[in-house]
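Two complexes come next, and they have one chain in common, chain A, joined by chain B in the first and chain C in the second.
Moving on to the complex of A and B:
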């Protein structure tokens, strides 16, 4: 293998693929990245066995070939090089030389055969989706997944493809985020449960204006655009019936200024318990009062004006859950709905002109008086 | 003939002897105490056949003149008090004037005494009657020999045990005195063999080292605390060592060795949750209580005292021991610790304590594990809440803001231990044990106050239980609800869990509940307090992070701070060590630097 490539292109590829390469691994070849020549240039690939990412970058190929190179060393070197063309050449199965100007490096790699094969996903009849649409769903839903390992199914984001809509849902059992956007690309309903780490790569690596091809293998999902591909293992199992827990009859409605609500929550939650972040909200006509009492820390009170209809209500929440959701609410005002202090509350954007629909749901904390 | 007669003196003395002189051990005790009251600095005991044949106590005390030597054998003859008013606040060991005559009445007794080197007196008596008074040449001091104990009281003699058993009791009695009066040189020989040879000791630890070896003494933890007028000091066993060797309890109130179930229980209560149930710690505690608050004239053998108000004294003992267990020193040591000369040569502490000085600085936690340990004596938290609640302490103190805990840089080792450096060495914290301790105290508080925030679940969990687990659930249902579990029975053995506590972000409620019910199966613990403790310990164990969980820097710091705020950071709820301390000296030794 012998190629010449610009430093910027190589660095771009290394940054894209590097995020997937595990920092610590028991399988040494996984800390390497695969470098192989293609008709259009050079393909860089990395995997942690759950997610695989590959990216093709333009390069001048003098002799075709492939090798794996320690990813961290390579990107550190490239980052320190001046902006000048870089020559990569293999000598034997395991050595690669890198030259740029007067700098010369020899790196020890591993033979390409040791690199795990990418998941077999056939793009014969793929779904086609605008990447900005998928990315919008990812950005608004995947934060809500569970990080706890006890229910692996909740560690993934549910992605539903329907006849005229697609939808992503994520929950950790205490709060839930759901976004759906109009889409017509399939006739039969399909569901995936996707690890959020893979979705993050999808959000990061594909330009917003690209059309993505998405296809399903035996237990994998592949995303690809002309130059980039992301493969991920899917999480198996039935996703809990989230429709059932979304309240339909919440009759107490508050509309609040998102910035004011966020600021008050942030202030008062400073004295909330480190573990539960418990905060008490009291809704009255026109006014929302915040109060926090933590045994070993102290107390806080605050209030902001809101548009509230319904009977007075006191309800407890984990302030972090509310703050997190508010970060993703795309509008300046947020609509909150409630039924009772022990029932789920919802948060939605208020006055959103987007065709997409966004709904978040939080379960309250029990208040002890 | 009248049916009621005044008993002859000899008979009355024999009866009195039954109270004071039960067996050789009590004879030895009385004689040694007499020697101490006479100002002896060296006391030698010679014992034969467990004291049945001979008990000889020699001292270098003040001695007696001829007249006193004869008077001493009469009942209620004492040099120690002169009027009833002196009884209050009596500081000498003996004062009732019963001992010598009582012993004399049931043995062949010989006193050799001299008030100065040279001319002295020998008094020989048997069965209470003086047989001879002679001149003798001897050093200053007194030697009392008691031979053929109970030779004239066969009824009592029959109740004596074998020589070995009597010897053991006698040695115990002498040991107790040795612990109490550490300033005195003590020697004890049995059947010609030296059994004890104790030089004057500067500290309790040094005396214990003389008795049972330096290793044993070194492993004990210092207790030293003042509360109100009561001062508690001494040494107690490390929780990790409890149960590994025979248990020894030594209680001293105002220099007097006593037995007191209440104080012992109070000290044991301090160990609660740090040692397995049923294990009993060794305790060597000395209390200084103002003389007017304690009555020592209760029991002829003077092994019991009566407190004017016993509750604050017991509470002080519990608090003092608990505080000692809360220090780093109580954590398990790594490697072998060596008996350094430092403790032995420590300056002799005067027995009187400037109480005001100690009270002004109640934070006597130089040895406390965490620089900013809890300083509020009056705000017991965690496991002590139970007892404190009964006393109705000021809750306002508990509300007060806690000082921030200074967290040193922490490293996680093998996803199991947190390590940090301290001035005197390396400290390792077991993350699971530490978290367990934190949660245990939190859950105990919750059980007492019922104040745990509980997170409602979007998807209620369904648990299917076996019959035994279902029983365990029913037995603990209310307590589980107080811990934040909101559970509906669902007919048969299915439960629906609608809300769970969220003690930490990695909490796996379902597994915790299932494992806890499993562990509680077949439990029959009596008493609400004990049941709460058991439940809190079980749930804490199941809820805590495990060994093998990688912790972020923030998580480590939070755990450290939370642990620092617990009352007993050094011990987990199963009696294992939470904290292991590896001193620099130990490290240096291993590297051959010392």
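Moving on to the complex of A and C:
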């Protein structure tokens, strides 16, 4: 293999693929990057066996070939080089030289055959989706997944493809985020449970204006565009029936200024318990009062004006769950609905002129232990 | 039966995991944790109601189907959403919501959870079967039992710490948990925690990693009674020892009761800091030993009574098991389970013959009972001993109580017992129809003599070696 490539292009490829390469691994070849020539240039690939990512970058190919190179060393070197063309050349199966100006490096790699094959996913009849649409769903839903090992299903994001809509849902059992957007492209309803780490790669690697092809293999899902591909293992379902937990009869409604609500929550939660982050909200006509009492820390009170209809209500929450959701609410005002202090509350954007629909739920904290 | 919930669950899982795809196993069964086992029902806790329902629908039949093979008896597997989670302040979409402040509504009989804030792991519940009422006291454990009873009546005052040691399956955990039960019966508000040293270690490591030391300290230092199982596993774990030392001191100085168990006395635990050894020895150190014949028989009777098996197990079968299974109590109870399964499989009543057949692998001294399958036999022992002491083999079987005869007779009985494990009654038969208590007396005499008289010991050893070389 012998290629010439610009430093910027190479760095771009290394950054894209590098995020998937595990820092520590028992299989040495996984800390390497697969580098292979294609008709258009150079393809870089990396995998941690759960997720695999590859990206093609433009390069001048003098002699075709392939090799795997330690990813970390290569990125470190390229980052320190001046912006000038870089020449890569292999000698034998395991050695590669890298030259730029007067700098010269020799790296020890591993033969390309040792690199694990990518999951078999056939793109014969793929779903086609605008990348910005998928990315919007990912950005608003996947933060809510569970990180608890004992709930492996909730560790993934549910992605539902329906006849005229697609939807992502994530929850850790305490709070839930759901976003759906109009879409037509399938006749059959299909569900996947996707690890959020893979979705994060989909979100950052594909340009927003590209059309993605998405296809399913036996136990994998593949995303690809002309230059980039992401493959991921899927989590075996079923996903719990989230529709059941979405309240339908919440009759107490508050509309609050997102910035004011966020600021008051941040202030008062400073004295909340480190473990429960418990904060008490009291809704009355026109006013929302915050109060925190933590045994060995102290107390806080605050209030902000809100538009509130319904009987007065006192309810406890983990302040962090509320703050997290507020970060993703796309409008300046937020609508909150409640039924009772032990029932799920909802948060939604207020006055959002977007074809998408966004809904978040939070389970309260008991006010008395 | 004294299988712990964890043992039962592990046995079932070992079978089931080969029948399921790895993903399904990892997603649904691996996260589940056994909570209690009553002898027929295993209850298993999962994080939420959704998982409980899914597991019940998809895996109970499969799991229950393996009961007879894996446990020797039918088992009912019940999945439940973790009640401890349901009692946490943070409510969950997929768990039943207990009304506010209702921690008292949780099942208190089997699980005792110290009150606290936030989401932490549960403590192991006490097993409902491990009470003083269920404990059979015998010579080998009476000191430990008496000390445990005293501690349960006056926690923190009688003996502190109480250190119980002994081999596996002899009742250490039983005594320890019985203390917990009794204390809770008398003082329902008491904070009693039972923990294995392994769980303590794991939580300590987690606390260090997640900067959760404050919570960890509160969890273990604000208690009334701390029951710690298997402290020998502290060996070599230096920082855990350090933490345990401080936990110990805090509780001790506050007059809280500490009970520890181990498979050996404190001074013999390798790589245990001297300051811990001396603390462990500062209260009462009591051992539980192997039960003798009468004790074993009493345990079996108790077991049969408890499980309503008096009609099923005739006395002579219980006697046979008591005579021939000498290692530990768990093994005794295992024999009952196995024999039940064997008899029901073969559609036969339980008799001595069925027991000999079904328990072939568990009974010691089988060759003698089975009619001399090996070269060792009672007549062979009698011949060799007789020639060593220059008497006739017949003299060993005679009624004569001349010292010239009684000594070799006792030695022969001793060798038959120790080499072949033959039941006492059978030994008595073979030596002129003597009573089993006579045999016990003979064995004790020889044992004492062997300790006191090295010439005598060498002589016995010589015969033993010759017998073993045959």
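By definition in this document, the second predicted complex is superposed on the first by the 368 of 369 C-alpha atoms of A that agree within 3 Å, B and C clash if a C-alpha of one lies under 4 Å from a C-alpha of the other, contacts with A are read in each partner's own complex, and residues count from 1 in each chain.
Operating definition for what follows: a residue touches a chain if its C-beta (ideal position, glycine included) is under 8 Å from a C-beta of that chain, and two chains touch if they have at least 3 such contacts.
If you're wondering where the values come from, they're calculated on a predicted model, not measured in any experiment.
Once the two complexes are laid over each other on the shared chain, residue contacts for A:245 go to chain B and to chain C alike.
Looking at the shared chain after the overlay, A:235 reaches chain C, while chain B stays out of its contact range.
Look at A:271: by the touch rule set out above, it reaches neither chain B nor chain C. When both complexes are overlaid on chain A, the residue A:363 reaches chain B and chain C alike. Contact with both chain B and chain C is seen for A:174 once the two complexes are overlaid on the shared chain.
In the superposition on chain A, A:19 makes contact with neither chain B nor chain C. In the superposition on chain A, contact is made by A:153 with chain C only, not with chain B.
Comparing the two interfaces of chain A, the one with chain B and the one with chain C have residues 148-150, 171, 173-174, 176, 240, 242, 245, 273, 275-276, 278, 316, 318, 342, 344, 361, 363-366, 368 in common. Looking at the complex, you find that chain C touches chain A at residues 21, 23-24, 26-27, 31, 46-48, 50-51, 54, 89-95, 97, 99-101, 103, 115, 117-119, 215.
Residues of chain A that touch chain C in their complex: 148-153, 171, 173-174, 176, 219, 235-236, 238, 240-242, 245, 273, 275-276, 278, 316, 318, 341-342, 344, 361, 363-369.
Residues 147-150, 171, 173-176, 240, 242, 245, 273-276, 278, 295-298, 316, 318, 342, 344, 361, 363-366, 368 of chain A are the ones touching chain B in the complex. Taken together, the chain B residues at the contact with chain A in this complex read 398-399, 401-402, 450-459, 484, 486, 499, 502-508, 510-511, 558, 565.
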